Structures are given as structure tokens and as C-alpha cells.
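Below are two complexes that have subunit A in common, paired first with subunit B and then with subunit C.
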Partner chain A sequence: MGLFRTIVKKMFLSNDTEDVNQHSALKLQSYEKASYQKTLAEIEDSFDLVQRSFFQEHIHIIYFDSLVDSQKLEWEILAPLRKTSVNNLEEFFQQSLCKPVYSQQEIINGLLDGYVAMFVGQDAYLINVSGLEERSITESATETVINGPHDSFNEAIKTNVSLIRRRVRSSRLRMVKLSVGEISKTKVLLIYIEGIADPHSVNDLKKRIQAIKIDSITDSNVLIQILDDHPNSPFPQFYTTERPDVAVAKLYDGKIIGLVDDSPNIFCTPSSFFDFFKSPDDYNQRWILGTGLRILRYIALILTLVFTAFYVSITTYHYEMVPQSLLQSIMQSRSKVPFPPLIEAIFLELVIELLREAGARLPTKIGQTIGIVGGIVIGQAAVEAGITSNILIIVVAVSAIASFVVPNYIMSSSIRMVRFLFIIMAGFLGNIGIVFTLGLLSIHLSGLTNLNSPYLMPISPTFFKDWLDSIVRGPFYKIKKQPVLSKKLQNEGEREN
Partner chain B sequence: MKERLHSIQISILIYMIQNQIVLFSLPRLTAESYGTNGWLGLIFIYVLVNINIMLIAIIYKMGKGKSIFEIIETMIPKWVMLPVYLFIIGTWIGMASMVMKMYILIIKMFFFPGVPVTLFIVLITYLCFLLLKGGIYHISKASVLFFILTIWMIFLFIYLIPEFDFTRFTTFYLKGNTDFMIGSVHVYSAFLGFEISILFFHMVEKKWTKSIFIGNLMNMSIYCIITFLGYGFFSFNQLLNDIYPVITMLEYIEIPFLARVENLIFSFLAFRVILTIVIYYWGAQQICRNINSRLKPNYWMLIILTVGIFISLIPETLFDVEKWLDRISYFAIGIAWLLPLFVLCILYFQNLMNRGNSDAN
Partner chain C sequence: MQIRIGVLIVMCFLLAGCGDENIIEELAILQSVSFDVSENDQYPIKTTVLFPTVSKEGMFDTKTLTVNGKSTKDSFFKLQNLTNLKLVGGQGTILFGEELAKKGLIHFVDNFTRDPEVGTRSKFVLVQGKGDKLLTTQMPDVPDNAEYLYTFLEKVGAENKILNTSKFRFFRDYYDDGIDPVLPVFSYDDRIIQLRGAGIFKDDQYVKCLSLRETQILNYLSGDIKNGGLILSIKDRESGENSQLMLSGINSNNDVKVNIKNSQDMRVELSLDLKGSVLEYTGTMDLSDPENQKRLEKQVENYLNIHAKKLFHKMQIHQADPIGIGRMIRNHLSYDKWKEMKWREVYPDLNIKTEAKVDLVIIGKTK
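Then we have the complex of A and B:
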């Protein structure tokens, strides 16, 4: 038995990283010893719990039927146990993938991960036969591309890691395994490329995740809100994606990516505001087209924010700004509307938001119908009933379409929400109201950070060299491999070490 | 990473903090001060401003990056300097308040006659509060965004080129009923704001001083373009009789879907005005912190903003504000020249004493 323990220990220790060593060392210092009775008592009322005994109750095994692969269980444990005898157990252990476990907590965690717990006298072991059901790799529904790879992450962390590994065939790819949630014990995996990512940022992120005190997290989008430097900001600070190609591109940029078990979204840090305006399609076509698309998205950003507000401002306070040729049609269009432009605009913007939300929640086919009902029927009827003007419908529609040009859904939603503040301020103070809100927004954005890195990088602080792969999509021969700030941080880190 | 002000950020910050509220009357001011083709006078003022900046650069080099308070207080006790500090604080808060009030009164006079002044004061002060709360790094980061939000406006002046005529420049140079000295002070006040960079020393990356020159050059280019356009757009007498000739020029701009863009442009100028105000408040806050470092910076900030609001409420008419601004500008120009000269003298004596000590050893 002693020989077996040594072999398994060696196997176990040589497989993992420094983190695991530290982790195990800590556990060995203070643990509640694992035992069959305690384990049974702790999980007794589970309907999928299976307990079996062998060799006249000399060996007990416990597992959750719903978490194990029954074929693996048969091959790895049941069949070999049937073939062997109680005096010949060492042979069984040498053949199987079991690892000795000392603490009760480890046994429970293992069982919940789909392992089989085996108790032989006073000793306890975990054998990996997990076989969780998982969704197959499909195309991302929220981040579609015309050219380029079409696979996306799913909810299984192991599958997601394999999607990254097959793209980064480097021994410098590092993974730090963490766990979040007192009850949920959700696995979080931080991945980075050593030598490119800033070690300070890796440590900082690790500490932040370890410091989280929460019962459970259900998705990476929940985790990043806990990790945010500025949790009260309406803007997303961690970039999230479902696409492995994007995740890998971020790794090569010197960023850290985080995988959360049971979540198809990975998060990436440090992120900047401009990351949310990039699409993989930008890289898969000629750089001139890519640059054009990026500029189009920034125009869309401005349109979303201020177009409706500008309409409200002009029709409320600044009619002198409308050229004569346009004035007549605006006046004609507004002549039947009994409400001030502010009320009219807010009403229509709310209708658009209702339509969007209804379309998102309903099944696709009904969602399309809602679009038609909303867009054509309500729009036309509202104009005929004299509730809104034709021009405003055009303005609101352009503004809504522009908001959907932003590739990231969360960013697009944030911008749409901020737009209401612009409209209200334009209704009260006209152009100066818009400018005031723009000032407020600029001050807010420039104060944001993500993992202590400025949110408006590389515009502010200004690193012109990085503009080629953020503001525009420059030609590949001009794009630097690693962003200036990341390189700077890394150099500083190396110097300090 | 310890945050530092990058050179590009400093250039943009200096460009943005210079007192552009004067820009709208700059063609008239140069015409009154220097006469026909008075835009040439800007070059003279630009040279003076550069000399002033050079003094700051020399202090940075001689003081080896030490803050001016460190330099001053090694020779002169803080309590002796207190009246000087209080005078500078008063001047800078006054300058910020008057720039704010002037902007508000102009916008009220032209575009929002019905909106109460206090509402504008509260709004602008709130933005200043947000910026001051984040410190100079936040201010500098916001200045870059503000720069992007305002720089596009210069291209609107292209629409004025068809109206531009060289014959309006006349063949005479610097002729007319001019007031060179007082006029120069007025024009110089359009460049003010850069003097606060004397407080940046320990917050910047190395080799930053050329950034101040670049920022000033950017500002000068804008002033030159607009003033030059003004001389080709108006006749000399028209320039003398229009209080804000640049606003009048903007009224003539018409693009396919927008006309009378002057109120839009004037509104966007708020970004520059806010930065000018903030940087003066920030300068005052730094001196306050040096006087009493035990009081938290946020308390100083609140005190300064409150004082600023009260001062801005005193003068009621645009005429009064202009008079106040003129006087405070004299003091501010005095500080811009005398403070660096004073610090240079101290550095000179310190060097002499150090040399004496090393000789004695």
C-alpha cells in the first residue's frame, strides 16, 4: 500500500503547477480526515448518490450517478475490482487513475466534480470517471462573423481549454486554477502567456478572485461585475467573448483571459473601451475595409448617443440651426404633434427599447413578427395619430440601428441607456445640455480603469503606435505585436523582480 | 505602475487649459492693440509666452525635478511665504471664477436668456468637482477626450474661405489708434493657463518641458488661423466695433444640414473653459495642500469650489466681469512671470551656497 501511495503521490505532484503544490501543502496542514461515514452523512439525501461495497465491505465506493460516465466507471473501477482479490489490490491501484486524498473537504469536492470516492480501510482515494453532459461546439449566436472561424466556446471548461490549446501550441501558455463561491465552488481558470502578459496583473487578478466572498456565481458575466474596478459604472469594463479566436488574439496581445466553468463567455483583461468596437471580421478582410468598418462603428457610437438628443435640442431651442430648405419639412412634420419634442422622443425611444427587449426574449420567429408589428404598424400608426413626427421616427430608427452596429451587446446596451440622459439634458438645456452630458461622459470614461489599466487606452494616455490596432485596423506589417503599455508594465515588472 | 503625465498628454493639456474665452474677441483685441494687420502682434506675444515657459523649464532643470515648494521652503519658511501663497490662491480662484462667469454670461446673452446663471454655475462646478476629485492624471486624461471633442471645430472655418478677402487686410502695418501696453496684456491673457505647469514637476515623465512649448504652439496656431481669418473676413473698422467677431464669423457658416453653428461651437468651447477653470482650481488646491497638508485634499477642493462659486456670483453684468477679469489677469500675468523668477533666484542662491559649502569643506 505504501508503494502505491508513493507512486500515486509522484504522479499527482509531477502533473501540476506550483499553485497546486502550495494548495496541497496548505491542505495537509489543517484538514478534517476523510472517512466513509462522514462522507455519507454529508451527502446522504441525494437521489443520484450511489454507494457500493466490495470484498465484504473492505472497500466502499461512493459516486453521483448523474456526474459520472457509466462506461468509464465500468472500465476503470467496477470491472477491475471484480477481477481482482482483496490481497491483490495494489495491482488495481497501479492500473487505475486514482489519487489519495486526505481531507474530507477534498473528497466532497471530488465527488461533486464527478469523481468516484473509494475508501479502503482508513485510506481514501478519488478516481476520475467524470462524464458531464455538454453542449456540442456550435457557432456563436451573438458574435457572428462572415469570414473566419465559426466555432465558439461552450459551458464545459475542459472543452474550452482544448479550443485555446489547439490555437496556442506553446509551453509558455500558463493556467492558474481557482475556485469561486462558498457553495457553488465554481472553477475559474486564468490563462496567459508567460513572457507576454504582465506578471503584476496576473497576481493582482488572482488575489482579487481569491478574495471574493460569495455563495455562488452562475456565469463569467457575474464574476466580472464583482471584479470590476468601478462597479457602479454603466459601462462594461471586462471584455467578454464566446469566440476562441478572439480569446487567443487577446492572449497574444499580452492580456489575461479567464474561463469560468459552466459559462460560454470568457473574460479578458486589461480591456479598453476600444476593444468593444473590434470585430474579428476587421482582421479577416483587407485592412482598408477593416479600418473603414471601425470608423463606421465610432460614427455609430456618436449617432446613438447624440442623434435623437440633437433633434430634441434643435426642435426645442435652436430652430435657427436648421437650414431653410429643411425647416419646412420639419415644421410640417411637427405641426400635428401636441407634445414637446422631449416627451415625443422619450416616448418613441421607450417603444423602440420595448420592441428590442420583446424581440430578444421571444423565440426567433415570434421576435421577427414583433419587429414588423413594432416597426411598421406602430410607427406608421403613431404618425397618423399625430403622436410623433415622421422625422423623429427616422431619427430614432437611425439611432437604434446605429446602436446595433456596436459589436458587443453589453456595450451597445450601455450606450443605449446613456442616450436617455443625453435626450433629457437636450430637452432641458439644448446644445449646452448635450455638451454638459458629453463632458460628464468623457470625465466618467477617462476615470475608469480595468485591472488598474486606463479604460481609454491608447487614446488617453496617448500611445500613437497602438492606434493602429485599436482606433483603426492598420496593415499587419505595421501592427506591433504587443501593445505599448503592456510592454511597459512587463518591463517594469521584470525590473522589480 | 506609478502614473505619470506623458509628454503628449502634457502638450494637449497645456493647449486645452489656455484661456480660450478670449479667443472670441481676439481679432478685435489685436486690432485695438496693434492696429491694422494686428494679427502680427500675436507673434510678439507668442515669443513672450515662450520666454515665460522657458523660465519654468530652467527651474525644472536647475531644481532637478524638485517641486517649487521644496525649493522655496528650503530657504524661506512657510509662514513667511504664506501671504504670497494666499495671494496666488486668491488670484487663481478668482481667475477660474471669472472665466466661468464670463462664459456663462456670454452663453446666456446669446443663446439662453431665460436660464438662471446659478444653474450654469452649478453644472460647470459639478464637472470641475468630478475632475478635481480624480486629480491631475484624471484631468489630463479627460483633456485628451475634450481635445478630440473640440478640435474638429477648426475645420468648420473652411466654410468661411469663400468670404475671405486679402484686400481687407489693407496695405498698412500696425497703424491706428492703438494701446500697445494694455492691449498686449489683454492678448497675453489669452495664453494664460500654462503657468500652472510650474506645479507639475514631480508628476511628469522626463523630458517633458518641450511639451509645454508644443502645447503653446498648438494654441498659437489656432489663434493665428482664426485671427488671420477674422482680418480677411471683416474690415478693420468692423473688427473694432464687434465685441465678439469670432461669434459673428461663425454665424455665417452654413453646411448642408446645419446653419448658424455658433451656438453649437460656443457650447463645445465649454470643454476648454472647464479645463481652464479646473486647472486654476487644481493649482490653488496644490498650494492649499502645501500650506496645510493635514487637511484632506477633498476638503480643500470643496472649500475652493465653494469660494469659487461665491466669487463668481459677485459681478452681475458682462461689463463687470470683463473689468474683474482684466484686473485678475494682470495679477495672473504677474504671477506667471514673478513666481518663476523668484524660484530661479532662490535656486541661484542655493547653488551659490552649495558651492560655498563645498569650497569650505
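Then we have the complex of A and C:
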């Protein structure tokens, strides 16, 4: 009880102080007027800083060479300035994209975004000539499809927005611009379609992002971990993708997507456990095939979680479950192994994880080596040396392959992690351990939420109509345009308004 | 606080340890067990077990052990001391020698109902002669007698409903009123494992082994059969010629009518509706002629009626009721009346009639 009280007290206290701080910051800002000297003093010692003066120091411009497009700079500012005279400055301001600025903070932010700051006497202006270097739009390396669009997001937020914009030709597309990180000032853009997305969720997400107190974020995957309702769960709660077609599909489903500058991954919310098992390929094929693929993935999920654990529990406790005809080969393969099945299984699983991690870290040029080493060492030598049994190798390999069937890499890693818990419990308690862990897992999963929306969405709480596009991939004439819950929330919102 | 609870839970699992582990290669999983009468008076039951073993080099082999004991569990206790492996039960076959089965089985197999190590699907088999001989005799081209017998039984069970045996069925038939167990009988003469027919029981005592022909008919009398076969030799009354007939793809419907006036006058009428196609016919009749077909159908009906009558007679003499005629009658009586009636005394004189109706659906291509 005491603990609880102190926590509550702390929460209230911290809220109070925050308010005061914000208030004073606002006051300070409004008083600090922009000036050339102050700006120079604040960003001195920058290698890429350029300052120029025109008309006998009547006009000063400052910009970062690395952030502006030099061609644009020439066209927009330098050339017009050369043509005009001091007396004709009015004309210049009329035709260029000048934006008058008053506060010092705004000038600095603008400069860091690639604007040119121009000082004319006491007045300050920002002119947008930004041009950042960016990667071209390439095929996604982590989420590949066989049929369907092949473009993927890159690190530039503007390019990413254009990829979305050109797929949603609607005036209802809304964007909320936010910024995260005291130092990094990373741009975060929330995109949703008005009338489909739940306005409460948008507000909620906005508030949450604004409340983040952190120096910097490097990627959207960092941001979503800060936003998570349950940061200590092994499972990813925000669905991330680098495919614009998936992002747009989520928008049409009434979800909110978030873009983070400098990150090719967008996140979307509210997302459920089953979103991680969808692939655009499901929709681009006939619905019967799509459904088959979905079911295959759920089988893969169960195989990954339970298969090795099942081997351990059967060979350690439940010999009765082995059919007579299989008994011989299991006994034969186990006979040379000196370790109990649990140790044997954990050893082999660790080796597979090592191989996978090594494959992910190695430069692609020597990546093949890993395959050969792994294939020979595990495939043959381990069995011949009598360290592991043949059947276990098959079991572990099948469950490893099954784990790669899960389309989302982060989810697949989480599942592989959880698998170890299953194996250990199977080693201690046999099948009871497996069932116990399955129970724990389902309790945990059904307790998770993403932006206050349940994680196991169409199953618990149950919306049978949504099963058609989550558990299976139903034919398009059967799939409802929007998930039931999002429609419900929307109707409620309309009534409230 | 959470961490402390977490540690506590983890500790619980660690303390649980691995006490009753059964690691598969350290077990002697019984594939087959046989029980016989021993020559020793003090230890009357001779138990032989067969289990697979794998050497460190990965060579697969089977091992048999034999002891005389006072009871089945006494024998298992003794057997534990004869091997370095842990002896555990399995889903295998359990064999009974002829001599032991004739004395009655229930007193010493009764413990199997309590023992979870003997699976409900483990198969019970009778052996003509000694059960252990069937397990220990080296048969040509059979590397593992127990496994061979197991697959043999699976095949037999699939072909004949009546011979589909298991521990579950044996005990159900034994403990149920008005039905007796049936087990398949095997022999090992000339070093060949051979199916001899159905062994019928009076309560738990093995009384008679029915021949394969009789077993075939018993199978059709005991219930509806899908896709069965029937081989019969028929004699034409007019021409006096003997011919062989094989029917296949038989779908039969079996219906029992019970007529009870009082406990003395009971009639059981068993109607058998059989539809099948002719596969082999060695007689001279031209089957494409509908008249001849009808005649053949009549002949088969006669054959079935006569042989069923003989079979019932035989079973009534031995007081064995594998079909469960008693159960049908019981279903038509109140419990008090059934208890009052002494079924064992009524059964031998019961009037049982069989009415077969045969329909040859396909006679095949002729001429």
C-alpha cells in the first residue's frame, strides 16, 4: 500500500512540475527575438555552415551546406538577389517563398531542417530550399512478395508521404505532424483517413507521442517500443512494415499509420496478433490459396512453438505416445546420445540460433560460408559424433523453417524466443509443461493491448465477421469493408458529436 | 516483489526436478507379453516378455525374458531384476496360452484394468500351445515376432469385425451381461505364425476354437459389415455338382428380432441382408441368365442358413455367446426379469433362427 501511495504521489508531483516547465518555456520563447548575431553564436563551429552578405551587409543569409539543394538555392535566392537592388527588395520578397519568422527558436529549427535564414535589418525570414541526400526507392529486402507492387519506403519522410499520397487520392487523408526527441527533433507523421479512423485513437496516439520525453530516437522501431502498452512483453505490439501497399491497406482498414523521419519502417495501430501473419500475397492470389497460406502460417506457428518441446517431452516422459513402428527409429537415433533429451534439444536449438544470428550479421559475401559450415557441422558431424540424434535434427530443422514462415521478422524472432520456454517446461514437466506454457502464453496474449485495442482482436473479444479477414482470407465479396470494431467506434464517435 | 514471486515460481519448477523421467532409450518397452501355465506348482504362471533393444552402435534387436511367478505383477517384479533397462508397459500384444485360457483368465488379467501402463488398445491373443513358444521361436523371415504379430492382428482386425480385439473390448464383453468375449487364435506350427480362427469364451474360460469358415459366418452374424468378403463351397441339389463361390464387396445388414411370450418361450430371429458381387464362381451355371442368378442367390442363402444354424448349435453346446444374443434379449426385458431368468440355463435351448437374404448385385462380365 505504501508503495502504491508513493507512486501516486510521484505521478502527481511530476505532472505539476512538467506543466510549470512548459509554461515558462513558452514565455521565454515568445520573448527571444530572432537576430543574426544570436543565430551565429548558437550554431558556431559547424563545418557545413555558410554565411553570406549582400548589399553591403544589408542582407545576411545563413544555411547549412549539407542540408540545402544548391541548385534550388541558386534559383530561389542567389539569382534573384543578384538581379535586384536594395530598393527593389520588396519585389524579391513577393516572388520567393519567404516566411517571416520572429522567434529565435524557430530560426534554429528551420536551419536544421534545411531552410535558409535571411536577415534583413531587424526582420528574419526562412526560405525553403532543403534538399537532403536520400536512397532511391528499391525493392523491400525484408518483406518480399511474389505478386504485387515491389516498391518500398526509404528513409526520407517526404518520399514516403508521396508513396502514400499517390495511392490514396482522397481529400480525407489527414496528416498530423509531431516531433520527438529533445535533441534529435525527429519528425513523426501520423496519417489516417478521416471518417474511417477512430478519432479517439488519433487523439490518444497524438497525446502519447507528445508526452514522450527522450533525447533522441533513431528509428520507428524505437518509437513503438516507447509507445507500447506493455513494454515488458516479448511480442511486438505495433505492426511495422516497409511496404507502401500494406500501409495503405491499413489506412483503408481504419487504422492510423505513423511515419518516422529517417526510418524506412512505418508503424500502424491498432494492430492485432493476427496482423503479423498476413502477407500482401494473400490478397494477390485467389482466396482459396490465400486462405490455405494463412492456415499454413498458423500451423507453422504451432509447429515452431511446440514441435521441439513435444520431442523432448515424448522422449523424456511419454514413451506410450510413440507408435510401435516409430519406436524403433527413435530408439536407434537416441541410443548413441549421452545427454538427456532436454540438454540435447537446447544445445541444437542454440546452434541454430547462432547460425541464424551469424547469417544476419555477416557480410553477404561470406554469408554462404555459414550455410556450408552449418550444414556439415550440424547435418552430419554432430550425428556421427553421437552428440545429437537424427530425429532431433529433423525436428529442430522443421521448427526453424516453420519460424521463418511467419511473414513479420520481429514476430518470428519473438516466437523463437518463447519456444525456449516451451522446451524447458517440456523437459521439467512433460506434456503438462507444454500445456501449462500454452496456457500462460494465451493468458499473456489475451492480456495485451495495442493503443487500448485488444491484441487477440477478432478471437477475443469475438467478432466472427472479422474472422474472414484475419484467421482466413475470405473472398472479397464476403469481406466487410472495415473491421466491425472500428465501425462501431466510429458510430459511437458520430453519436457523441 | 514481482521478481521475488517470479524467482519462487522458477524455484518450484527446478525443485520438481526430473524424478520420474522415462528417457526412451533407457526403457524396455514391452512389445509383447505371454502368459502360460508353468510346471512349477509354487509359481503357477510363466511370463515371457519381449522388448526391443538398441545397442550403443545403433543395432536394433529384440530380447526375451522368462520367469515363473505367483501372479502377473509378481512376475514383472522379478523381471525388473533381469535387465539393466527399466521395464515399462506399452501398447503391444498380450498372449495367452491355450491351457491357461481354458482355466479362466479373469483372476490374473483383472489387474490390467487398474494398470495404466497396459494401454486400452493393447491386443489380447490366444495361442494354440504355449504362448512363450510363439514369442521365442525363431520364425524364418520374421525379424521381430512381436511386431509381426501386431501388424498381423491389425490386418485381421480390419478384415473381421469379430476378431478386432483389444483389452477394452475383452473386458467390456466380459463384464457386460449377455455377451462373452472372443479372441483370435494363432498357432506357430512348422515355424509359421498362422491365424486359426475365433476362440469363443464362456465367461472368462476359453472353450472352443471356431474354424476360419465358421469365423467368417460369425463375423456376418455379429453385425453390419461394410466391404467384406465371403468364400463358400456350394452343392447344387439338382445336379449334385460342387462349386466354389467367392463374393466380394459385401455390404450386409444385420437385424435381430426378439419374440418373448414368457421366459420359457423365447424366439430370436436373426435376419441377414447381404449384398455382394461375384468374384469367383467355378460352377457350370450361366450367371448372365437372371433365372440362374436367382438360383445361385437361393443356394447362398441356404448355405448361410444351414451353417449359421450349425454354428449356433455349436455355441449353444459350449454355452458361449460371442454375438450377444443375451444382450438383445436383456434389452427387451426389465432388469428384474433378466436377473430372475438364468441366462446360462436358457441359452442352450433357445430357439434361434437365421433368415438370410442374398442379393448378387454384380455378376461380372460373362461371355
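Just so we're on the same page, the second predicted complex is superposed on the first by the 466 of 497 C-alpha atoms of A that agree within 3 Å, B and C clash if a C-alpha of one lies under 4 Å from a C-alpha of the other, contacts with A are read in each partner's own complex, and residues count from 1 in each chain.
The criterion applied here is as follows: contacts are C-beta pairs under 8 Å (C-beta built on N, C-alpha and C of every residue); 3 or more make two chains touch, one makes a residue touch a chain.
Source: prediction; values computed, not measured.
Asker: Based on the superposed arrangement, let me know which partner A:175 touches: subunit B (first), subunit C (second), both, or neither?
Answerer: Neither partner.
Asker: Report for A:346: first if it touches subunit B alone, second if subunit C alone, otherwise both or neither.
Answerer: The answer is neither, since A:346 touches no partner chain.
Asker: Tell me which partner A:49 touches in the superposition: subunit B (first), subunit C (second), both or neither.
Answerer: In the superposed model, A:49 contacts neither subunit B nor subunit C.
Asker: Look at A:315 in the shared chain and tell me whether it touches subunit B only, subunit C only, both, or neither; answer first, second, both or neither.
Answerer: second
Asker: Which partner, subunit B or subunit C, is in contact with more residues of subunit A?
Answerer: More residues of subunit A are touched by B.
Asker: When the two structures are overlaid on chain A, which partner does A:334 contact: first (subunit B), second (subunit C), both, or neither?
Answerer: A:334: touches subunit C, not subunit B.
Asker: Regarding the shared-chain residue A:427, is it in contact with subunit B (first), subunit C (second), both, or neither?
Answerer: In the superposed model, A:427 contacts subunit C only, not subunit B.
Asker: Starting from the residues of subunit A touching subunit B, keep only those that also touch subunit C in the other complex, and list them.
Answerer: 317-318, 320, 322-324, 429
Asker: Subunit B touches which residues of subunit A in the complex?
Answerer: Result: residues 200, 317-318, 320-324, 326, 429-432, 434-436, 438-440, 442-447, 452, 454, 456, 459-462, 464, 488-489, 492 of subunit A touch subunit B.
Asker: Within the complex, which stretch of subunit A touches subunit C?
Answerer: Residue list for subunit A touching subunit C: 314-320, 322-325, 327-328, 330-337, 340-341, 425, 427-429.
Asker: Using the touch definition up top, name the residues of subunit C that touch subunit A in the complex.
Answerer: 13-14, 16-18, 20-25, 27, 29, 31, 52, 54-58, 60, 88, 90-92, 117, 119, 147, 150
Asker: Quick check: in the complex, which residue numbers of subunit B touch subunit A?
Answerer: Where subunit B meets subunit A, its residues are 1, 6, 8-9, 12, 107, 111-112, 115, 120, 123, 127, 130-131, 134, 138, 140-146, 148-149, 254, 256-261, 263-264, 267-268, 270-271, 274.
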